[in-house]
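Each structure below is given as structure tokens.
Okay, so chain A shows up in both of these, paired with chain B first and chain C after.
Now for the complex of A and B:
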């Protein structure tokens, strides 16, 4: 029996070898590099202790990127889930053209976020942008959408949310279809209103769907990279950088590999921490219900 | 008695309201595709609004995209990478899922927690060292490096899907096979493997979309122009020539058409795959 366990475990050796090579080893190498002043290519570099970590807590760009990453993560999660539930409730009723609407909402999920970012340039561009065209049609002055950092961060969050809202919608539709109709029938007999029906029946029973949708959106938003590099490249200045794009910028643009490594590790720990808290909190709610 | 007409009126109003809502949804979600199409069919000289489809559409932008940006070569390379990653992922992750689903020892639970943890890792956080590891392996500009790295970061999702699925296959089948003298390998290939088709469809679909659209890994590993993938050649085209946006749009059109066609024809499987991967 003992021997059988050993042979069966051989099946995951290929996967573990890959993880060891491309996840675990780079992780520890990253820990080592974060204590050095390596520039990314030279053979000689030296240990500088905790200096990188001290610096990153004083670096305004890191603060900004950190705050932006939180906005991208939390903002996308809020928008996608609120909109996702609404769309799912709306599209759960039968009407003609319903499946077409679902398809159209899900379609952008297929497109590379990088391409979506470039397409959005055609929308938010100052001179010929499609949105300013619409504004002009109504006689309003054109707006330079991406010139203000805060507004650009909001736009990026919105673009990411709308592109991937289809995922939340699909998860919630599946969740809604799993709610037995007898609850609604009972509510109807008791004469309960639409609002109460949503808050006392639909929402609590959607908890498993909410957990998966929130987790997926949060992880996706905190990792945001492609759409930022396509639409703003982190600008104006350093205002729209996420931690991902900032690490890229410091490593390849600034030749500060050791420092970028330190930021990466703090980022890593931060994501693990946030994701774990959120997942645990949501799961606890599920058990209570 | 008064209730009934009121209720009917409610239904009538809500279905009237539905039409504008549907129109707004269609406008918001289709406009990116519409704008991309109008720009890619417009001659550079046409400076009318992006919303307006040109009266005499031109294919010149597409010709430039094919000859200058070499978009077909890029599509070919992306296809090679995507197919290799997907095939390897199906093999490696179904293998890995089998012991994890069947043997719940403490060590296997640790392995499983670790694999789920990898799903959350933002690849950019270990970019510096991952890239230097690839440089040390002489993997820059090679297919194998990008394939293995993409594979590694796709694996957790595959393992997760296969583990959940194999758990739902009755254990009695395994036991019957053992009694008949099958070892774990034989049991896997003869009993488990033939049943994995539905979940394999989900794995294939989810990871092909991810590989096809990948930018953050290929950007570092494939630096030479001769190794450009779809996203890389589009990003280069956009960043080099912000003047000739029409050709850039044509490039983007050519890149998304295969994906859109695939999605529209296999929609059911795409959505099922998404649901499978999210429900625990």
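Now for the complex of A and C:
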């Protein structure tokens, strides 16, 4: 028996080696680099102690990117889940064309976020943008939608949410279909209304699905990168950067790889912390069927 | 089990032997990466294909476009560079430690004396084969300026330039077109204005300070204040913050805008959009009446050899081939710039008369390349976007941002 277990344990080795090579080693290398002034390509650099960590707490661009990251993360999670539940409840009912509607809502998920960003550029562009063309039809003046940082952050959150709302919808549909019909039948006999059924039966029993969907959406939103790169490039200035795009900009464009590593490490700790809190909070509210 | 292990061992040995054989034959294969896009890359690729046909070498040619610089930085970090690569203005400060000196190669005797200091390190080692030199200022639309009653030759200072912008605005055209969503257009704007504030006025020159790592934040704020005033006065296109480079050239080609802070290649590109467009190139105004207008010069398309290349012989042959006058001419012609090899004679068409006209104007290297540490370019572009977007206190905040980054990159 012991020999068999030893043999089975050997099968872990390739995975562990790959994990060590592509995750553990780069992680500790990143920690080391965060204490240096490395520019990202030169063979010479020096240790500068905690200077990068001190600077990042004073850097307004990091503060702005941090705030934006929270907006992208929390905003996308709220919009995707609220819309996802409503769509799932609606599409859980039988009606003609239901599969087509489900497919249409899910379709944008299959487009790469980078491509989605470029597509959206043609909607929000000042000169040749679809939205301004519609405004012009009604005699309104065109708007430079992405010229204001705050508005652009909202637009990016919306684009990301609408692209991935299909994932939440599918998770909630699966969750809804796992709720036994006897609860609804009993509620109907007791004369409980639609609103109460939703809040006292559907929502509590959807908690496992909510946990999965919220965690996925939150992490996805916090890591938002591609659509920002395609739609605004983080601009104007640094106004729409998330921490991910700012790290990329500082690392490659700004040639401050050591500093970018320090930001990355703090960001990693932040995401881990937030994700754990959210998962634990949601798991506590789950109800056994 | 044992049989399987022996089989695996034999397989690994075979793969290793095959890989070794491949590496040995690799000397006939040269990897080559170039930056840029369009006509410039097409001309280079055609020349490389002709070299392959003639020499028997295989050149693995790659032009990754916008991601070129990021990929090259990753390759430098891994010390695994292409055998031959384009340094796009950064032969010394960025790529210098990875390049082989070229002073002893055949073509070096023909490299223009004007560009040798730009492509040489402190030891006097030239590091690249340069094909062209930028010699540029501000591109203008002759027809729009004529309609507005502006005599371009009378623009000597920024005050004159602003007066010209007012006249253009009065006829309902856009005085300055700029597409800041492509950050490099903002960098070009600052690269053209900064020398007149920091360098060219000899009485107040900060050149020595900059070379010693001292950055005057107040001067940078003055430049941004001027740009901020241009935005407030309505000199820029309405979508200056989100517009793009292609929109700029289109506006110039279709007689919608008067000035564009862009390279000469725009004159040729505009001709492709509208054959009747009449664009010219003027020197950059000075900041004070006691100073003179200037031009920008510098390295553009230039190829270097990785100093640890395994294909050194082939790489040298390739560079010598590309440096032949008839081959180098096709590459320089695609950029609309002055050839950097003295044995290359080239008529730059629509651009040539402006190069000749301003031959006596003093030219300075790109400000960020010559006086700033590598990496500041990106900060300048982003900070400039904030000024163009007129964010609150952007003039002062971004000046501080540029100074902080200058200090950090300089190692202060």
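Note that in this section the second predicted complex is superposed on the first by the 284 of 289 C-alpha atoms of A that agree within 3 Å, B and C clash if a C-alpha of one lies under 4 Å from a C-alpha of the other, contacts with A are read in each partner's own complex, and residues count from 1 in each chain.
Simple rule for what comes next: contacts are C-beta pairs under 8 Å (C-beta built on N, C-alpha and C of every residue); 3 or more make two chains touch, one makes a residue touch a chain.
In this text the structure is predicted, and so the values were computed from the model without any measurement.
Novice: Considering only touches as defined above, state whether A:105 meets chain B (first), chain C (second), both or neither.
Specialist: Once the two structures are laid over each other on A, A:105 reaches chain B alone.
Novice: State whether A:268 touches chain B only (first), chain C only (second), both chains, or neither.
Specialist: first
Novice: Mind working out whether A:144 is in touch with chain B, chain C, both or neither, as first, second, both or neither?
Specialist: Second partner only, chain C.
Novice: Using the touch definition from the top, say if A:254 reaches chain B (first), chain C (second), both or neither.
Specialist: second
Novice: Tell me the contact category for A:40 with respect to chain B and chain C: first, second, both or neither.
Specialist: Both partners, chain B and chain C.
Novice: Determine, for the superposed model, which of the two partners chain B and chain C contacts more residues of chain A.
Specialist: B
Novice: Pick one for A:237: touches chain B only (first), chain C only (second), both, or neither.
Specialist: Second partner only.
Novice: Go through the superposed model and pick first if A:92 touches only chain B, second if only chain C, both, or neither.
Specialist: neither
Novice: Which chain A residues come up in both lists, the one for chain B and the one for chain C?
Specialist: Touching chain B in the first complex and chain C in the second, residues 40, 257 of chain A appear in both lists.
Novice: Which residues, counting only chain A, touch chain B once they are in their complex?
Specialist: 4-5, 7-9, 11-12, 14-16, 18-19, 21-23, 25-27, 29-30, 33, 40, 87, 90, 95, 97, 101, 103-116, 118-123, 128-130, 133-134, 162, 167, 170-171, 174, 208-209, 211-213, 216, 219, 222-223, 225-226, 229-230, 243-245, 247-248, 251, 257-258, 260-261, 264-265, 267-268, 271-272, 275
Novice: Which residues, counting only chain A, touch chain C once they are in their complex?
Specialist: Checking each residue of chain A against chain C gives 37, 39-43, 55, 60-61, 125-127, 142, 144-149, 232-239, 249, 252-257, 259.
Novice: Looking at the complex, which residues from chain C come into contact with chain A?
Specialist: That would be residues 69-70, 72-74, 76-77, 79, 94, 97, 180-181, 183, 238-239, 241-243, 247, 374-375, 377-379, 382-383, 385-386, 388-389, 391, 394, 397-398, 401, 405, 408-409, 411 of chain C.
Novice: Residue numbers of chain B touching chain A in their complex, please.
Specialist: Per the touch definition, chain B meets chain A at residues 15, 18, 21-22, 25-26, 28-33, 35-36, 39, 47, 49-51, 92-93, 95-96, 98-100, 102-103, 105, 108, 111, 114-115, 117-133, 148-149, 151-153, 155, 159, 183-185, 188, 209, 212-216, 230-231, 234-235, 238, 245, 248-249, 252, 255-256, 259-260, 262-264, 267, 270-271, 274-275, 278-280.
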